[in-house]
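What follows is a pair of complexes built around chain A, which joins chain B in one and chain C in the other.
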Partner chain A sequence: MSIVSELAVILLNGLQQGAIYVLLAVGLSIILGTLKFVNFAHGALYLVGTYAGLFIALDVTLSSGKLQEWGYGEFGLGWGFLAALILVPLFVFAVGLLMERFLARSFYDRPDTDQILVTFGLAIVVQELFRVLFGSNSLPFTQPEYILSVIPVSGPMQLPIVGSFPRWRLWVIAITAVLVGIVYLLVEHTDFGLVVRAGTRDAEMVRLLGIKISRPYLVVFGIGAALAGVAGVVGGPLNVVNPTVGMNILVPAFLTVVIGGVGTITGAVVGGLIIGLTQATLIGLPSVTIASFTLNFSPWSQVGLYAIAAIILLVRPQGIFGNEEVAP
Partner chain B sequence: MSDRNTTGESSTKSDGGTVIADNTLVARWEEIREREATVVGVTAICVAIFPWLFSRAPVISDVLLGYQSLATLILIWGIFAVGFDLLLGYTGLLSFGHAAFWGGAAYAAGIVANTVSADPIVMVVAGTAFAVLLAWVLGFLSLRRGGIYFSILTLAFAQMLYYMSAAPLAFLTGGENGLTGISVTPLFGVFHLESDLPSVAGTLIGNWMYLFVGVIAVLSVAAAYRILNSPYGMVFRAIRENEQRAEFVGLNVWRYKLMAFIISGAFAGIAGSLFTIHGSYVPLQSLYWTESGEIVIMTVLGGTASLFGPILGAGLYLYVENIVSGVQQLTIPFTDIVLINDFGTYWHLLLGLVFLVVIWVAPRGIWGAVSDLRALVRRLAGGDRR
Partner chain C sequence: MSSDPDAPSDATSTPDASRSGETLLETRGLVKEFGGLVATDDVSIDVKRGERVSIIGPNGAGKSTLINLITRRLEPTRGDILFKGESIVQMEPHQVVQRGISKSFQTASIFPDLTVMENAQIAALAAEHGEFGFNFLTHRDKLTDVHELAEDTLEAVGLLDRAHNDAEDLPYGDKRRLEIGIALAAEPDLLLMDEPTAGMSPEETQATVDLIEEVKEEMGLTFVLVEHDMEIVFSISDRIVVLNRGGVIAEGTPEEIRGDPAVQEAYLGGVEL
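Now for the complex of A and B:
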């Protein structure tokens, strides 16, 4: 493999890794930007998305957990991956609406710390609920082979410069790009988006103009949740599936938001790409031997992500695309 | 004096005449309650009799099922919680990265023990010093952003330390296996920490380990009390109430916040080093964000913005984690009605639910309920005080 193709592989891997973070970060960022609500339970929505996707797409046999003890060890609809990709966002959207209506809304007027604590508590409850029901073992989420039994989505694919590359990863990038594009258009170029953005600036003024702001807020929360659900479905086959995935992905997702700047979709995309590329680069770089000392980069991949974040925040505390107005 | 005492005790169910006597007693207690000597003295007494009550007292310990080592652990986490509350409850900063100081100090103490000296005091000093330096650096970075960003950044930097000790620094930290092979030398070269204290002290306090941890715990409470009631600590509270106003008065808010963070990190460091001494082992888990989450839960459950609430929260959490979770069947006491089967599986879920409810309806935690009760009793007992 030539240097160019190796770099291209790293780039694509970075894009794919970043894509999952982008899906989560866009949701987090618009909720934080417009509703001023900190959602530590966003990872829990990812968790719900992953398990719901698994349940809809495949047949699963549980080896532990209460469901297995109660005799429901084999579950799943087995409707295929496309069904999961369509139904899960709808389901998590509904979960998001419930969460906004019954949890978030009563905390808009309370201090930030209370918001963080209550969503953190909710995240623990969801995680433990899944652990009790489905057991703490990792479940297999096999990659889908075909969508609509015609379009192949798994296996390697020959690309011009890159050479062979896992097809599913390209699909993750494509799905993310399309969804984020839709959300961007929705927020920036529709009347709905106008109301939302106006609410971000001055919610009271919007209310005085006779617009019921609570409904757009509800929808924004739902959209953010649905994106997290999609991230769970497309990311499920790439990562392990167990009750802790939600909390584990929350930290990089938040970091993405902080790097990119709160409330901007562009920021979330750029932040996600930076984090994804950093990680992929450190994993992909060959080890360097200086004298008798070998430096291997891949153990540093997780650390590098935080180091990059630290550097960016030292230079621009409000994030790359953030403006001081939004940031407190 | 003894006369007044007896009337005072019976006052609640007698006529108005004795209530006045009770009032003077209550008033006297109210007068000395806030004094530093009283706080430290009461703490010392409680710490001294706690292991006996918990693990050796005739009836109580049979019900509680406590043991000496858990009593020590509760004190260690109690120190951690006091320090954490200094930041969360009094300065109003919610850090999700205190595992960095707890775990960092634990590793520092362990590494010092393995390479330099395994004297308990040296370990505590080294661990705490490391935690303070770390808190300085992380505080400097995280406090660049206020509010929620502070929480996220502390969480992120603590996770960075976790991943560093997991792989790249595994030659120092032992990686996934944690740091092993720590053998703590006797205190002052004479007293083996695991051996029992002589005579009565042995029955009451137990071993040298508990005495060592207990003395540090009392000193920590005294230090926290002194800090909180000094003008310096007043500034922390002013920042919590209204940061902007504190800034306008001319205080350098950023510096005070950084200092609160460092002090809090120091407490976490003391506790973390003691944890290494107590367990002779540092698990990699001690740097993971779940430890930060645990200290948040303990502090909030116990009650923020109080000195003893967090200690209570720590004790309760560890008690449920280590003893109640082992009870497989939870029944209503003195009956055979089964509340929950297989409680060990559910306890974390139930804890999460309790935490959620506490945040939602009673953000002041258990200690808040205790002080409400105290206020109620005072009102009932001394309602006609003039």
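Now for the complex of A and C:
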């Protein structure tokens, strides 16, 4: 492989990894920006999305956990991936509405620390619940081969310059682009979006103008949750599926929001791409041998995220696209 | 009193006709205590449809408290507020707006990162779509009623040619005009204005006074104005209510107030006791 094609592969891997963070960060960021709600349970929504996607798309055989003990080891609907891609966002949207109504809403006026404590607690409860029910071992989430039996989505794909590249990763990038585009249009060009943007700035004044803002808030929360669910479905086949995936993805998702700036979709997209590219670059770079000392970059990929976040925040504390007056 | 009780204040009605209209706003024995401090002390005033009433008084007289009680940002300790004959003291702030009370704020309250047009649209949305139902998928510019109302409002306050600027880029005077526009776009029956000319240059002040006159003529609006600038108060008010230490100490036409000894005492003799 030439250097150019290697770089192109790193770039595409970065876009794909970044796409997952973008899906999570868009929701996290609009919830944080609009509702001023710090949602540490956002990763739990990703977890729910992954498992729901797995069980809708495939037949799964559980090898541990209470369900298996109780005789429900053969689990899953096996309806295929497209069904999962459509049903999971709806399901997680509904989960988000319940979460807003019964948990988040009573914490909007409380300090950030209270919000963090309650959502982090919820995230742990969900994680342990999944561990008890489905076991703590990783479940195989095989990539779908076809969508609608005709569109191939797995296997390698020959691209110019890049050479061979996993087809599914390209789909993840495409699905993310479409969904983020839809959310962008919703926020920028509908009256719902107008109320949300005005509410981000001054919720009290929107209320005084005579608009009951709690309903748009509910929808914002649901949309953010649905995006996290989609991230779980499309990201599932790329990573292991076990009860800790939610917690593991939470930190890069928050870093994405902080880098991009709270409350901006553009920021979430750019932040996600920066994080994804940083990670992919450090993983993809070949090791360098100087004298007898070999430097391997991939173990540094996690550290690299914090380093890049620290550098960006030193220069722009409110994030790249952040508005310092809006930041909570 | 008027013989046409429900006259919906014909926009071109003469000032005399509107002056004797129905009672739009009424406060009855309104009291607000903050701990031991009585900020509003047994205030009973009434505002008729089409009237321009100014509330004046020295600093700390309770003017802003009174306005905040009417807009339901503060809970009264005792007393009642009637709007169009209906008690509003149990209502949420947004419900009061829906009933037709709008407020132009003391501090610059516009949405700075939205465009001028979007600022007007959000107020128009509230007016046209009540408390905002689930019509959130509608493309904003296609809601013709909202769009028209927003456009009309901007035209009324002379900002239509700046519709697509970001609100934060407007000069100060235009920001205040936009604020008045936001309040107008909600199509209120009663507009509360808390120091609409505060911080303005003399030219901007004059322009705002002209705007208020204009809007009053065109829309037949009822105003309640809180203002420090006596020149403005005396030039545009039909009636003046003077507050001191939370209570009403005088009420009357500008001529009556000008010569009232209690008012002079409140303004000039603040150091006695």
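The rule is simple: the second predicted complex is superposed on the first by the 327 of 328 C-alpha atoms of A that agree within 3 Å, B and C clash if a C-alpha of one lies under 4 Å from a C-alpha of the other, contacts with A are read in each partner's own complex, and residues count from 1 in each chain.
As a working rule, a contact is a pair of C-beta atoms (placed from the backbone, for glycine too) under 8 Å apart; a residue touches a chain by one contact, two chains touch by 3 or more.
Just so you know, these numbers come straight off a predicted model, no measurement behind them.
Asks: Touching A:254 in the superposition: chain B (first), chain C (second), both, neither?
Replies: Touch status of A:254: first partner only.
Asks: Which partner does A:205 reach: the first (chain B), the second (chain C), both, or neither?
Replies: After superposing on A, A:205 lies in contact with chain C but is clear of chain B.
Asks: Which holds for A:216: it touches chain B only (first), chain C only (second), both, or neither?
Replies: second
Asks: Which of the two, chain B or chain C, is in touch with more residues of chain A?
Replies: Here the partner covering more residues of chain A is B.
Asks: For A:98, is the partner it touches chain B (first), chain C (second), both, or none of the two (neither)?
Replies: neither
Asks: Is A:4 in contact with chain B, with chain C, with both, or with neither (first, second, both, neither)?
Replies: It touches nothing on chain B or chain C.
Asks: Classify the contacts of A:288 with the two partner chains as first (chain B alone), second (chain C alone), both, or neither.
Replies: neither
Asks: May I ask you to decide whether A:194 touches chain B, chain C, both, or neither, giving the answer as first, second, both or neither?
Replies: Only chain C is touched by A:194; chain B is not.
Asks: Of all residues in chain A, which touch chain B in the complex?
Replies: The touching residues are 32, 38, 66, 106, 111-118, 120-122, 124-125, 128-129, 131-132, 247, 251, 254-255, 257-258, 299-300, 302-303, 306-307, 309-310, 313-314, 317, 327-328.
Asks: Which residues of chain C touch chain A once you look at their complex with the stated criterion?
Replies: Where chain C meets chain A, its residues are 71, 73, 93-95, 97-98, 103, 105, 109, 111-114, 118, 121-123, 125-127, 129, 131-141, 143, 146, 182, 186.
Asks: Any idea which chain A residues touch chain C in the complex?
Replies: Going through chain A, the ones touching chain C are 186, 189-195, 197-198, 201-202, 205-213, 215-216, 219, 323.
Asks: For chain B, which residues count as touching chain A in their complex?
Replies: 88, 92, 94, 96, 141, 144-149, 151-153, 155-157, 159-160, 163-164, 166-168, 170, 289, 293, 296, 300, 345-346, 348-349, 351-353, 355-356, 359-360, 363
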